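Here it is, the structure, as structure tokens.
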Amino acid sequence: MSRHDQYRENVAGRANVEDTPELLAYYDDLKKKGAAALWTVANKIEPWEPVSQSLPMVWRYKDLRDDVLRSVELVTPEKAGRRVIYLDNPGRSDVAAAVGWIYAGLQVMHPGERASAHRHSASAIRFIMEGTGAYTVVDGHKMTLGANDFVLTPNGTWHEHAVSEDGTACIWQDGLDIPLVNALEANFYEVHPDLTQAVGHPVDDMTRTWGNPGLRPGTGAWSKGYSPMFKYEWAPTYEALSRLAETDGSPFDGILMHYMNPVTSGHVMGTLGASMQMLRPGERTRAHRHTGSCLYQVCKGSGHSVINGQRFDWTERDIFCVPSWAWHEHANASSSEEACLFCLNDLPVMEKLGLYREESFGENGGHQPLRQP
Amino acid sequence: MSRHDQYRENVAGRANVEDTPELLAYYDDLKKKGAAALWTVANKIEPWEPVSQSLPMVWRYKDLRDDVLRSVELVTPEKAGRRVIYLDNPGRSDVAAAVGWIYAGLQVMHPGERASAHRHSASAIRFIMEGTGAYTVVDGHKMTLGANDFVLTPNGTWHEHAVSEDGTACIWQDGLDIPLVNALEANFYEVHPDLTQAVGHPVDDMTRTWGNPGLRPGTGAWSKGYSPMFKYEWAPTYEALSRLAETDGSPFDGILMHYMNPVTSGHVMGTLGASMQMLRPGERTRAHRHTGSCLYQVCKGSGHSVINGQRFDWTERDIFCVPSWAWHEHANASSSEEACLFCLNDLPVMEKLGLYREESFGENGGHQPLRQP
Amino acid sequence: MSRHDQYRENVAGRANVEDTPELLAYYDDLKKKGAAALWTVANKIEPWEPVSQSLPMVWRYKDLRDDVLRSVELVTPEKAGRRVIYLDNPGRSDVAAAVGWIYAGLQVMHPGERASAHRHSASAIRFIMEGTGAYTVVDGHKMTLGANDFVLTPNGTWHEHAVSEDGTACIWQDGLDIPLVNALEANFYEVHPDLTQAVGHPVDDMTRTWGNPGLRPGTGAWSKGYSPMFKYEWAPTYEALSRLAETDGSPFDGILMHYMNPVTSGHVMGTLGASMQMLRPGERTRAHRHTGSCLYQVCKGSGHSVINGQRFDWTERDIFCVPSWAWHEHANASSSEEACLFCLNDLPVMEKLGLYREESFGENGGHQPLRQP
Amino acid sequence: MSRHDQYRENVAGRANVEDTPELLAYYDDLKKKGAAALWTVANKIEPWEPVSQSLPMVWRYKDLRDDVLRSVELVTPEKAGRRVIYLDNPGRSDVAAAVGWIYAGLQVMHPGERASAHRHSASAIRFIMEGTGAYTVVDGHKMTLGANDFVLTPNGTWHEHAVSEDGTACIWQDGLDIPLVNALEANFYEVHPDLTQAVGHPVDDMTRTWGNPGLRPGTGAWSKGYSPMFKYEWAPTYEALSRLAETDGSPFDGILMHYMNPVTSGHVMGTLGASMQMLRPGERTRAHRHTGSCLYQVCKGSGHSVINGQRFDWTERDIFCVPSWAWHEHANASSSEEACLFCLNDLPVMEKLGLYREESFGENGGHQPLRQP
């Protein structure tokens, strides 16, 4: 007979019931009826505050890049579906997540290769890491891609990726809410009947139409639950950060901008958000914590982050994660160069469901004491 | 060395990679770096359509009522926190859910008893099953409760329950999104510093203020993410169903009304929705399926439901569940009396995250063939 | 040569230019080019605060009722289009308004009469004053009408009115935004090709479907810019006021509820709002003023209002107006009976255009000194 | 005794009552009671379609520029308040409007001059026509201005304009909804207590913060009813048009973009909208008409418009108007250069009040036959 009183707390308002033979028999009886006593699990399922199952960690690009490239020799795109090495957080292996409910992988594609078109209820982003000639087609709109470009393939859109014959080997980061949509038992998958889409619009037309500052096209309405602007290019993003860098910024994030749906100014998709932030030369932020999971990629520069008291150094193309409700602060290592961090997160879920909460670290000038390794 | 190719599918666009010694070594190497090959799990994490982990099932009140009452003798409210027997779906025991990400329990309270005030990020509903004299206090608003009344204690509101000295033993169904909020790593819990709230308003003032047809109070604004009307009484709800019963209704649900936030006409809370439906005498609905999990309580009458081909008979106060994407249809057993079903669900989550999908059962006149037991 | 300096003010920031021969010649020259000097009109077109062109006034039903009934003898419905005596505010005769941009009239119809179906961009309401057997048809939905019922015929909906053969002579108040829609140069008018509509739904179906407290129908969506509930009956409205009367209410309005679009909880139509308020026995409100024009009808009881220092007594069925930015306060004459006031207003316009402003009367206990007549 | 039957129409559903001595006496009697018979004015106040009081017309800059400059010699800013020549549409002289309910004027300011700070309920825009060194301060945010820049001073914001000592004489177009706000009896005016504002932010900070394509600042929320981006510069606007020019555009407007509130993607202010459009070399649009009034300024190039069958030629800096429901089409005169038109309009009012209606000209290939002069 297993114990049922391992979560007892001696606090008013909390469950504190000791196992007795009579109770254990009662529990057994309930089990047969598909029932159980709340007080045996109440303190477990109603924790005082969140403790994430994800581990904070960094994936160094120099460690993974060779493995990613090697996959080209090991499997064909046809056999693999997509040739991707995914980030497998030890605390989230059961759901194949990099952090929280976010899946992320590094995908490689060689010139002339093309992945078959498909769609799914999971939403996806792509963030280009290296190579030239990559392009993607989303619902018939073709987009060309370069380093640090950010691309959406929202829930339900047909999509396919390729590298043109005159390009070079390309690597990008995939990010999806697959673990979340699976957990919510709402994932559907469909292969395109032709395995490829017809391109029905001028190249990059959606970015040309919707990616203009303070201006909305006179023709064309958009009411879908995600951004009509499928690609956010690096050059104007960097320029925007540079313009904003003249203002104070945030004590916790430096100069941060959210990629947005230009129609609503809300997050780019219903379940995944993303931001790009700049740590100005010498900038070191103060610690805060909030609900929601974050996966960072270093686009520019080097530095370190302290996450729940543990220091993680990073340089260009490294990826690291901050679990829900973990304290975190960032520092640019350079006093002359900017550092830029791309962040993929599930803040739309937290906000829509009323679960976002934030707290700043009050002591020690806002900086966490480092835990001894 | 464990197998990595158990999810292979021989379909264009799907992963179909056979284990080789070289690949297995590669997989081991990746694992050490916190990484893995997507094609080993792609077909598992991108299913063609949802297959719920929850089992369809019915909890009969005649089986559970004695056990619920017996808890009074076994534990005190002080020790138990709350004296609740919860519904433990065999497919969801790990997260203490009745179906999907919804927790549900039967709570009993005797005259003069009072549970201590607390609050949490999880949202809760209460649906009164039997007894008199129950009341609840939510953020200082006191509400009296009778059978089939529906009460909210939204995310972050202080709440406490009690039965007055002159009442009788009361049983109600609790419903919460605890499993979801835990999974999203966003649950906070707080005991009220005084263990009890002061009542600062006339009894039932929020229902008097907001529960009026086609009328909004001239004073008082409300912009929170949940309904200002914390209690929905049975009498006007039944009357509304009876009025609506003169119209056609839905082929899948008969006469159904969603409890709503009167300010937005949306769901009552950010994560949980609820409806009350009437199956008119002799009414038998057609089958459909949709994403989202549903937990029904029979408020009136008797009948049966067919869920994924399996028949479940029910009568007053029984509770049954319909997992996500499971076919379901309902039938009233009586040709002279109405049957009424209360339904607690997570449709707000499905809708807000863009994951709602619905399908009707086209064959056989809309009725599922019964599976042989 | 006419004067151009009659609006001079000797205040910093205001125009204060005296006419000179040179300037007058300059003004003449500008006029020929379709231009003028701003400083000649600036102080006029930029007043310090609004001064309404409408006069506060009361229309007594005992004075007008005979005239209304007499119209039956004087004109046929066929010749008149509609047999209506409208309220002609002396300050607004040029636009046929009762107050501000609101048109109002008293319409009479005898048993068996029927007005021809038509539609227009102007939005209309009807408020029933006396008689039995009246009904109206709006976009194919038929509604039966009794005293103090409130009915909508929104912008663009086909509508027609009639009194059944077994009814009595009916009088109701029409209210429309005709003056506003004309001023905005956006009014269209169309006679129904058949002069009458087919009724395609059960009688009163929209009110049965949408007029339920805290409940939304499971089938049927509604996203038009006006309420789907075309009729608001007196009995539930009065009951709602009585329930709300247990709360404090407003110092300026007593117990007031806005008729609302149940889908948005906003005003019933895009340009016209309406409310019903109860002055409890002995209740006397404090004065305030706000932008927006109000036309009141006394549904029950008697009392008086003070408007810009002038006292207006009223009794059942009288109609009175409060112009924009006029101070106003109300008093119930009875210490044992309630008084109820229906109010038609243009608050949706004020609110949507960001022009609503409100101020309370601070001195003298909130009561205006009465002007000597 | 004046006639009351001048609006008769012999059409079913319309008023058609002939004056009789008895009726005329009845009308007189009603008048004494502040009432009148609807059928005497029904056909007038319910027209079949809108007929605007505004005349279509063009104001040529070459005709007005000297007069504008001459005002500097005639009045001081202190005496004039603002030194503005306004556009006085002969059909709207009574309300000082250029078209519909839109006021517009040409303001001139010399280096070192400064207008006193004030605010009002009317919303204003400024569109820079010529000169250097102009700047404006809105609620403490300073903005520098150049030709074709577009600036907002929304309802209720403190604002002041000036030209720096090292600038040149500047002329800009003012546009306001003064006539509308006056008509709605909701205009308030206030002179700043210090006659000048303190500048509390970096120059152009709002445009730097909010004027970025597809990006929203991480800090700073904005929920006011107007855009947080007070200045829209010409260079990025022209660049956006050029990018969009690769798409099809609109048959009625060529390449048109609405200036938008970047938070909502709606119009820049609650009552006034604005757009910038490009007619590509050789482009000639097809005719349409819609409710709402439009005032165009030619920013670049030359061409003509046909308005209700009348041709109006225009060149850079000319201003012309299109009244509500007037047919209009535009043509670029050049086959090698673009023409650009700035448009100020009241479309937000039309849309919010549900009064927008549009129609395309079907015959003659979409082009109006020209009326003989």
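Quick notes on this one:
A, B, C and D label the chains in the order they appear, each numbered from 1.
Rule of thumb we're sticking to: a residue touches a chain if its C-beta (ideal position, glycine included) is under 8 Å from a C-beta of that chain, and two chains touch if they have at least 3 such contacts.
Which chain is which protein? Per UniProt: A, B, C, D = Cupin domain-containing protein.
These numbers come from a predicted model, not from an experiment.
Relative to chain C, the chain whose mean Cα position lies farthest away is A.
For the pair chain A and chain C, the distance between C-alpha centroids works out to 53 Å. One finds 29 Å separating the Cα centroids of chain A and chain B.
Distance between chain B and chain C, defined via averaged C-alpha coordinates, is recorded as 45 Å. For chain A, the set of residues touching two or more other chains is empty.
Judged by the touch criterion defined above, the protein chains form a single closed ring in which each chain touches exactly two others. Shown are all chain pairs that touch, namely A-B, A-D, B-C, C-D.
By the touch criterion given at the top, residues 202, 205, 207-219, 227, 229, 232, 236-237, 240, 243-244, 246-250, 253, 256-260, 262-265, 275-277 of chain D touch chain A in their complex.
Remark: chain A residues 11-17, 22-23, 26, 29-31, 33-39, 41-43, 45-53, 57, 59, 63-64, 67, 70-71, 74-75, 78-90, 95-96, 100-101, 103, 105, 116, 118, 120-122, 155-156, 178-179, 181-192, 195, 225-226, 270-271, 291-293, 323-325, 349-350, 352-357 touch chain B in the complex.
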